[in-house]
Amino acid sequence: MSTQTQPVRQKSPGDWLTSGPLRFLVSIGVPVIAFLFLRWSFVLLRDQEANRILVAFIALTIGVFGVWILYLLTYYLTEQLPERLGERVRPFVFVGPAMVILFIFLLYPIGHTFYLSLMNADSEEFIGLKNYRTIFTDEQMLITLRNNGLWLISVPLFSVSFGLIVAVLVDRIGRWESTAKAFIFLPMAISAVGAGVVWKFMYFVRAEGEIQIGFLNAIITKIGGSPTNFLETIPLNNLALIIIMTWMVTGYCMVVISAGIKNVSTEVLEAARMDGANELQVFFRIIVPIIRPTLITVGTTVLIWVLKVFDIVYVMTNGRRDTQVVANQMYTELFRGGSVGLGSALAILLLVAVSPFIVSNVRELRRRRA
Amino acid sequence: MRTQKTFIVLLLVIALAVPLFSTSAQEDLSGKTISVFAGWTDETEVARVEDGFAIFEEQTGADVQYTGSSDFTTLFQTRVQAGDVPDVACFPQPGLMAQYVDEALDLNSIMDEAYLQGQYAQAWLDMATINGKLIGLWHRVTVKSLVWYSPSAFATYGYEIPETWDELIALSDQMVADGFTPWYAPIESGGATGWVGSDWIEDILLRTTSLENYDAWTVPQYKGLERLPFTSPEVKRAFELMGQIMLNEDYMFGGTEAILGVSFFDSGVPLLQDPPDALLVKQGSAMPQWLDPNPTVGPDGDLMYFYFPPIDEEYGRPVLVAGDVCAIFNDRPEVREFAKFLATAQVLEPWVKAGGALSPHTDVDLDWYPAVDRGVAEILANATSFRFDGGDLQPGPVGSGSFWVGIVDYISGDDLDTVLTEIDAAWPEE
Amino acid sequence: MFQSQGAVQSRLRKILTASPVRIAVLALCLVWSIPTLGMLISSFRVTQEINRTGWWTVFSPRDNTEYRSLVDRVERSKTFAERTQDQFVAAQAALEAGPSEEAVSTAVAEAEAALSEAVSDAETDLAEAQAALDANEDGAQARVDEAEAALDAAQTALAAGVNADEIRAQLLDALREDVQSTEERATNAQTMLETDRKALAETDEPKNFPIGSEGWRRQWTLDNYEKVVNADRMGDAFLNSLLITIPSVVIPITIAAFAAYAFAWLSFPAKDLLFALVIVAMGVPGHLALVPILRLYLRVDLGGTYMGVWLAHTGFGLPLAIYLIYGYMITIPREIMESAHIDGASAMTAFTRLILPLSIPVIAAFAIFQFLWVWNDLLIALVFLGTEAENAVLTARLSELIGSKGQDWEVLTAGAFITMLVPLIIFFALQRFFVRGLTAGSVKG
């Protein structure tokens, strides 16, 4: 499939409307009439309980096509504006809706959270930065921060490397590519609770002499070792949890990197090979530089997930035996009857921890533009 | 063809406008609907609960809408903070309910004080009173102070039910002498690992110290007491007594590996083996329901229980209980009526009759209970005193946090004093 | 899945002779799937077996539970018989030796102490009765008389002292009783052992079931899946899940693609700042946003509507979508854009005709993940759509089946696998968009 490189100049759908007030009336009138009609019909649909499938169908149509029509309509409206103004406004047609949604759904809550982080446990008293001080002085919290450091280094390192290796390898095995990818991808499709069950079959431990139904302990006892409780033994338990996270996230890295590799044109690769480059050189000199932005993207997202991860820890150990991480601590404080203030402060801490990635990404953005 | 086109146009028009405008939720005008939100999700449990509510629906014609979620804690907090509170919420832990003492209605303001005192023993009302405000109506309760055994194994090997702690230890020693590892106490419960051990501590503490001390240990803030810390000699002794059994390699089948590594759902498994791998399991009245296939319970059945014996004579025969408690959040006439209904044993009648639930109400008919549950109900009725699961009462960071962690640490062999200090550290500052 | 021995061998040989790349891929895939394989196999196993033996043993199953139980019984009875015999012997020895002088004197001392305590108890009683008499209580005189008599008796007993011989005789009796009871237990244990041995001798040790045999098949079951599939309202839940998931995937992709295009190829004021906000937004834990959004929804009457859930998923998925699609769009060669510009295409045309088709691989990639997350999400649907039964999504129904405490592994394994199936289908369906040469073609053109 190849795309046309010479796009045909599109006829403006508004050409038939000559100009002026009529055009304006139409622009305003169509949505108003549509709204009134829709309000009436949607309420009607909601009332009829029997028509569940019909409701579903109309709802899906609206959800899927509605957004597109919205964009095209707004863009059409900007085309009706004077040339200069239209030129200025147009990028915001593209980026505006996204920013509005981001603001409502994510950025506004941050402000609220920051406010709460300066308050005490039940948000009734202003206590300034005391919660932040607690974070950096409490002994348990320091262990938590150490664990987060451990996660931040190992998970992205392992998962991006594995993902890259797999993506490059499967790119070359032909018709089994999808199947091979599916195996690596599979863990992503499992919820945290599911992952908990899956890894129970791996980590499960029984007393020495009993039949081990955990895979790893079965191997260990088979070769003469004594069974190990992976989840309660310090510091093995942290590694056990990190492995689960890596196992799940590698699929993501592989899929995105694989999409990036498809962007490396065959000609370039062929040319390099013709010039006598060996496969390792091709990999490091050609493939890696070209997909560098993808690698940064993948690395950043994994890092951010690692910061936010809590469900694996919550399900498996809930932070006991020195396995606590910031996000789980935050969840516990916020939703399990802890201190809302401390929980909020931890959330802000997580956001601050994201900032280095912001800097590096914005720099990358600027570099690209230059 | 033409209609099809019209339809497409219609869809497009709808598609165009809907994202712009929200659709309104249905206005509730009937005014006779009562919403109940709780954490029961298991299908049989939900059926029992709804059967109970159906009695009220039949009596009054009101519609009780029950919704449950396994994510109850998170969802309820979210809804309360957002201002979308159900009429009635039933909490798995009174400590959780206590967080919403400001939002919940004072029951004495919506029904007669004398009526409530007639429906519940004073101890129950006390346990649902937070900062002097009575907010909780007890629903299903369970008894924790039980030790499970296999009657056939006891008969085969010639053992007798112990009546005191010393007899229990003597029995354990006899079993060891006969070549058994008597006890089994797996506590693995994912993120909640440790709660089984906290039940041990609570049961032992009730038998070795005064009720006032127990209250001072669990809910000092509501009783105006000075907090009894975990580092106090009383609590420390309870840990040591638990350790006398849990940390004794001769006593504990599978040792610490099994305690920490095996799911508490499998507690009863070794009792049912032939020959049994272990002979004694301390667990609540719900234990048989975790086993698949469900064992028969009774003096001639697969499993039977005895009362976890008293330790220090002067503290009598106390019983540790756990249960669900409902609070009322909206004041409407139909909700008031429903609250009154919740205070009667009727709400639990179907569940009690089906087995697996005890009723805290005074007007419960003992004949409703199946034979097995009746025995447990009698243990509760004959108790010299009873108290609620301490971990469920203590503030979340301790009761379902550091306490459980401390149990795991202690069993893993950490120094007891350090463990106790760490548990205390999580107690929220005033 | 299970081929005959020969086929497996020839397949293996073929794989081994293939290129090292294939072997490496195969090894990685194998390692990655072991955990999942455990779950998959367990989901087809009989409940009791899941807890009894490791999932890998299904390949060479052996129904030896009964036999093993017999062996264990003999073992146990043997220990029990030995131990009880030991106890019997010890009791006999103790009887022969008789009660030691030390034991006797301790017992005597104890008995004496008990006697003097009885005296002091009687004295207290008498004093209380006297006090009652002084207070002119009814029947006090009778009490005093009684107490006096009791005190007399106690004092006589104390004066008479403790007879050491009597105590010795008592101790001897206790020892005798001990011998009797231990002997009884030992005999019982011996009988039990013999019965068990006989039972074991009469039973043959079972062999491994050959693959495909009756016993082998008994290890497998579809019950776990039946339990999940036949649960109430599963069809509704499935429909709800689809209804939520599809728009929740398409809407953010559309919005994000527009925004990513602007970030990658259009210039506008405050671009850096807005882009930084996108990355900040990625770091916002979803849990923080639940309360403010729900509050907002309640105010604008969006609570309990599909629209509300779609928008929430859109909000949570959007930052990553923008970021990912942007990251891909900027790798599109500049020449392509420039050529479009020269051709005089408008921004919208360049986007819909050129950039969007070129970005299909990353859009497909993101679609897969967003689908996964929305499909596996429990909380957002519960918070914004409500917990009513008719609104339940697949994950919610499943978590109800499993119960609030997470028991029933067999339901969990089967349920987890069923929920995995749909994302897996999506994954395979979208695989065809991961094709090479989209950009290559355009550059040449």
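In order of appearance the chains are A, B and C, and numbering begins at 1 in each one.
The definition used in the following text is that a contact is a pair of C-beta atoms (placed from the backbone, for glycine too) under 8 Å apart; a residue touches a chain by one contact, two chains touch by 3 or more.
These numbers were taken from a predicted model, which means no experiment stands behind them.
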Chain pair with the most C-beta contacts: A-C
Chain whose Cα centroid lies nearest the overall Cα centroid: C
Where chain A and chain C are represented by their mean Cα positions, the distance between them in whole Å: 26
Distance from chain B to chain A - Cα centre to Cα centre, in angstrom: 37
Approximate Å spacing (C-alpha centroids) for the pair chain B, chain C: 19
Chain B residues counted as touching two or more neighbouring chains: 18-19, 23-24, 74, 190
Chain A residues counted as touching two or more neighbouring chains: 62, 67, 334-335
Multi-partner residues of chain C (each touching 2 or more other chains): 51, 287, 291-292, 307, 378, 399, 406
Touching residues on chain C, where the partner in the complex is chain A: 21-22, 24-26, 28-29, 32-36, 38-39, 42, 50-56, 239, 243, 246-247, 250-251, 254-256, 258-259, 261-263, 266-268, 271-272, 274-285, 287-289, 291-293, 296, 306-307, 310-312, 314-316, 318-320, 322-324, 327-328, 330-332, 336, 339-340, 343-351, 353-354, 357-358, 361-362, 364-365, 368-369, 372, 376, 378, 395, 399, 406, 409, 412-413, 416, 419-420, 423-424, 427-428, 431, 434-443, 445
For the chain A and chain B complex, residues of the former touching the latter: 30-31, 34-35, 37-39, 41-43, 46, 58, 61-62, 65-67, 69-70, 73, 121, 140, 196, 204-208, 210, 227, 229, 231-232, 313-321, 332-339
Touching residues on chain B, where the partner in the complex is chain A: 11-21, 23-24, 26, 73-74, 77, 95-96, 99, 190-194, 253-255, 257-258, 260-262, 395-397, 400-401, 404-405, 408-409, 412, 422, 425, 428
Interface residues, chain B side, partner chain C - complex: 18-19, 22-25, 37, 39-43, 46, 65, 67-72, 74-75, 78-79, 81-84, 92, 156-158, 177-179, 189-190, 263, 265-266, 269, 273-275, 290, 292
Complex contact set, residues of chain A against chain C: 1-7, 9-10, 52-53, 56, 59-60, 62-64, 67-68, 71-72, 75, 79, 90-95, 97-99, 101-102, 104-110, 112-113, 162, 165-166, 169-170, 172-173, 176, 178, 180-191, 193-194, 197-202, 211-215, 218, 247, 250, 252, 255-256, 258-260, 262-267, 290-291, 293-294, 296-297, 300-301, 304, 307-308, 310, 327, 330-331, 334-335, 344, 347, 350-351, 353-355, 357-358, 361-362, 365-366, 368
